[in-house]
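Working notes, beginning with the structure itself.
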Amino acid sequence: MIRFDNDYTEGAHPLILEALMKTNTEQLPGYGMDDYCKIAADHIKRHCDNENIDVHFMVGGTQANTTIISSILRPHQAVIAADSGHIAVHETGAIESTGHKVLELPNTQGKISAEQIESYVQNHWDDPTHEHIPQPKLVYISQPTESGTLYSKQEIKAIHDVCQARNLYFMIDGARLGYGMVSKTNDVSLNDLTNLCDVFYIGGTKVGAMFGEAIVISHETIKEDFRYIMKQRGGMLAKGRFLGLQFKVLFEEDLYFEISKHAVQMAELLLSAFKAKGIALKYESPTNQIFPILPEDKIKTLNEKYSFYTWEDAGDGNKVVRICTSWSTREEDIKAFIADL
Amino acid sequence: MIRFDNDYTEGAHPLILEALMKTNTEQLPGYGMDDYCKIAADHIKRHCDNENIDVHFMVGGTQANTTIISSILRPHQAVIAADSGHIAVHETGAIESTGHKVLELPNTQGKISAEQIESYVQNHWDDPTHEHIPQPKLVYISQPTESGTLYSKQEIKAIHDVCQARNLYFMIDGARLGYGMVSKTNDVSLNDLTNLCDVFYIGGTKVGAMFGEAIVISHETIKEDFRYIMKQRGGMLAKGRFLGLQFKVLFEEDLYFEISKHAVQMAELLLSAFKAKGIALKYESPTNQIFPILPEDKIKTLNEKYSFYTWEDAGDGNKVVRICTSWSTREEDIKAFIADL
Amino acid sequence: MIRFDNDYTEGAHPLILEALMKTNTEQLPGYGMDDYCKIAADHIKRHCDNENIDVHFMVGGTQANTTIISSILRPHQAVIAADSGHIAVHETGAIESTGHKVLELPNTQGKISAEQIESYVQNHWDDPTHEHIPQPKLVYISQPTESGTLYSKQEIKAIHDVCQARNLYFMIDGARLGYGMVSKTNDVSLNDLTNLCDVFYIGGTKVGAMFGEAIVISHETIKEDFRYIMKQRGGMLAKGRFLGLQFKVLFEEDLYFEISKHAVQMAELLLSAFKAKGIALKYESPTNQIFPILPEDKIKTLNEKYSFYTWEDAGDGNKVVRICTSWSTREEDIKAFIADL
Amino acid sequence: MIRFDNDYTEGAHPLILEALMKTNTEQLPGYGMDDYCKIAADHIKRHCDNENIDVHFMVGGTQANTTIISSILRPHQAVIAADSGHIAVHETGAIESTGHKVLELPNTQGKISAEQIESYVQNHWDDPTHEHIPQPKLVYISQPTESGTLYSKQEIKAIHDVCQARNLYFMIDGARLGYGMVSKTNDVSLNDLTNLCDVFYIGGTKVGAMFGEAIVISHETIKEDFRYIMKQRGGMLAKGRFLGLQFKVLFEEDLYFEISKHAVQMAELLLSAFKAKGIALKYESPTNQIFPILPEDKIKTLNEKYSFYTWEDAGDGNKVVRICTSWSTREEDIKAFIADL
């Protein structure tokens, strides 16, 4: 079985394993106070071209989301997200478990717009009974989105502006950020993110690490006491060195971006093949997830050799499926798949 | 600096790293549904000599504690623990963050007794206003305790009996379980644990793994939907293979116990040295943590070469310190320390 | 200003105040342990024709909803409600504040159907990643709904059947239950409610009491320890006598239903007038809330003498408004309003 | 049975009932937006001699405590209280249910001192692992305490100063504030409270009201969005008029203080009698709760005619009991009790 289910089917990039081997016998302090965490944070600051950020490392995305969101909101406040956003649909109500409602706006190609947010917030404050409704206080988007699409710099800037005007916080879930950063259509830099949102994270789990997300905080209020909340939520890894070390390997030079680029190139091969065969795509994704619409019998045949998710029904005996490439996808597997298509 | 701060100063056992390298390019399903998790669970069932248990893997102890406890208790129910218990003192209020009070009983050598629990529960139900007080419903102990001491089988059986009589759940935090299992004074087997408590975990983080705790559930009610709650609490590792693989290595034969034994032997060397020098010990620990009482100036001198925790004041210019050995402690470091003592 | 804003614009029914005066100097135990609470519960059991229920009194609806829902659900479980349900839209995220997601289904005339619930639950269990999604475990409906409409006995029975088949709990918010019970179209008795759902409440606040909701529990599991959770959520009134006394007055004979009937008769007068004038109604409400569609200038004129809520936009310069009658509505005010229409 | 169990055994002060009767048919907006709430708030501001405070009305003390505390604290922060404090012992873990640990300091005569708080906070920040421990951020005291004792102005000022120096919030639970204010030994004015703490409440439930606590907020941060959180916690009474009206009656002149004075005078009669008979008192209470130490057989005899709480064991066949007077205690009952003593 060749797996295109997701971008975490294989272990970790060999350079990461090599670094683990090399440093294994070093005695280091725990809980992220070791030098590798510090060095990794410095590399990320350099890539962000911004010294005035805090960098923390956590194991996974749900952990990162609940820690960030619960650290920001007061009890009556809520987070705005696309109805397709990861926190809205795929974290077993983790955000609600911290006491906060996810206010779901209808997505377009996985995205929400500054206009939608502005309108929602305006309606909240216009309602004479707004004290009976959760107060929108934070905007959550994913870059790339769960549909593989990308926000342009202009779109992110527009959301940033609404947040400034409306006194909202703005966070970006970058679980697949690498695959977005290297996409041909991307015009958003890491530095832009540090300026345009209050907190975001750089996903490692799906981009070559064993595990790990690097949280980047720009907003002074969110920086305060963040480590307490990481600990409380079970998100402070005892052997934090393994987080620091992995991000050191990914960011001391450009490994993170190089391996992301490979995944996107593999996706582009698939895209070309689908287009050549006249197969429609549900989402206009320029990243590592692609969503062709295939007949059910074709899916069945392909599933004999290849695994991937059936995403949603498309009517007339067709389904949208998701094919996911990654840093570890082999070109020969892509070619075999295209041949079998 | 030679570190005796804790048992997670070094990386992971070399056989674990080797297994990671070997299996790195295998494509596997995520979230603990891979074969390594299954195999590791089977090994643990075999070591427990009990087929009728569920085994789940989580990254860390605070995660494990909050997931287990919040999965068991209804909103008005509380967990009984020693006032020195990890959930009472060192998890940033993680249990309270899930809505439940930790009912702290005074410890003796890190332990609480069946009598204390019985008495507390009796008082609760005798109080005519007991509905105004959190209801005790779960007992939490650590084996070994945070003071390095061990519960005997008789003590655990007595707590089990109170729990049965009083309709309480019983959980055991085994973050350092290996170091307890191999202690000369231990008479509690893994099989005993599956029979005498409802849920416990086998710590990996502090016993040679990169990270990871293996949760063993005997009670049918706790088994139900456990994975939902793991996911909600951010505790379901995407690349769950890394958890399965590590516990496979530790438990396919007896590695877990062998490396634990090494740590305890190193601790025994220290113990003998302390006793030979007439240095008093705060706790009667037969495991890998020892708590000598040392004069402050002696601590200062030792700290130039060795790091360890100052645990509490002992009066008259003395302090209790904690020296922690581990699977990775080198005998030469122990000897050097003894010499410098 | 004549107020049709809601059904709690005036104080309490005179017989309630009279009873308060008469019993004021009696010395009674607190927290609902007084005889009036017991007597009131007995009256309610008699009206329900069911001895096997527990009755508790709480001050308000949001309190009742959070207490009931949080007492039922485990952390990963969620409550299904109409997207127009009170818990979904008008309680400042109170349910989420207890850790649980509200799963909103699109309403039809304020209602959801057994088919919608069945389909949602089926989809949940069909999804191979359902552990990543909150588990539906409880169904919440309001009778009458927030749109004034009523579920028929057949509809409630159908939901009950789905809940039985799918192992779901079923609760009914009866904040305005009286106005539903006496509606001409109603075919659901209190006894039916005790058999068809697991817990419901009989609203007092909106039906002539100063405050208070009588919670009726049929399901054995929900009965257990309910008072602990009432206390924890701040919902156990110290002078519980005031709750018992009010419900005693309302239910020792038929006062609750008589005053409800008055409100519905007043609403029927308005309905006839709207129909006579060809004014369309947004919802087919046979209870005490009616929702005519009026031109904005007409609303403006009426608002000079009468207060009521503007509910939603209806296009073309029209708005849906809500006119609410109550136990205390004066017929002369209704007639004046009709004349001014 | 003559009840000295507590200060809420009877209904409400007759003037309150009279006011309810008089205003019953007025049509008023809900949720505390009516004129009576405004007028009552103005009276309280006048009594506090401070225009720069916000006043909100809630039904009960547990509600008030959870609303205030959860509105102030971030997830990792905790509240310091006496181990005898109401939130520590008698609210079914309501504070923990909002996610926050109660840090219990040992009480002396029901009180904690500025020195204890300073020392606790110093220890927190001195601990190198303080991120693993809940952060103290709020101090909670009761005035009078649960033991009937009073903090002097100097003691409150000292706590205020520690809070200022240590960046802590300071709240005072005044469930029985009236009985403290009129005590002969009291030197703390309402105005002092508005200056020395950030938020306190004036208890109505135990001082002649049917129910209700008036929350007085001085700190600007706590003022923000307070009503949202009241609503979320089920603490915004639909017919808020009943809260406003009661506090209007109590504070438009000096009724609150006059009826408090009566209760304290009754307690003083008892105190004199106990002292005359050489009966020891457990706590030096100058307010409406007194705690004599009585032999068990004497308690048994008294309980045939009088109800009161057995508070704790005093050894040698003696028990501490609590006798509670109130605004409604009849002098003849006190005299009968003394005679029967």
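Descriptive notes on the structure:
The letters A, B, C and D name the chains in turn, as written, and every chain counts its residues from 1.
Convention: a residue touches a chain if its C-beta (ideal position, glycine included) is under 8 Å from a C-beta of that chain, and two chains touch if they have at least 3 such contacts.
Treat the numbers as computed from the prediction; the structure is a model and nothing was measured.
Any chain that touches chain A and also touches chain D is listed here: B, C. The greatest centre-to-centre gap from chain A, using C-alpha centroids, is found for D. Set side by side, B-C and A-C show the greater C-beta contact count at A-C. Between chain A and chain B, the centres computed from C-alpha atoms are 33 Å apart. Computed centre separation for the pair chain B/chain C is 49 angstrom, with centres defined by C-alpha atoms. A straight line joining the Cα centres of chain A and chain C is 42 Å long. Shared interface positions of chain D, i.e. residues touching 2 or more other chains, are given as 75-76, 91-93, 97-99, 131-132, 228-229, 231-232, 236. Interface of chain C with chain B (complex): residues 31, 70-71, 74-76, 98-99, 131-132, 135, 225, 227-229, 231-232, 236. Touching chain C in their complex are the following residues of chain A: 75-76, 78, 89-93, 96-102, 129, 131-134. Within the complex formed with chain B, the residues of chain A that make contact are 1-3, 5-6, 8-12, 14, 17, 20-21, 23-30, 59-67, 91-94, 97, 205-206, 210-211, 228-229, 231-239, 241-242, 328.
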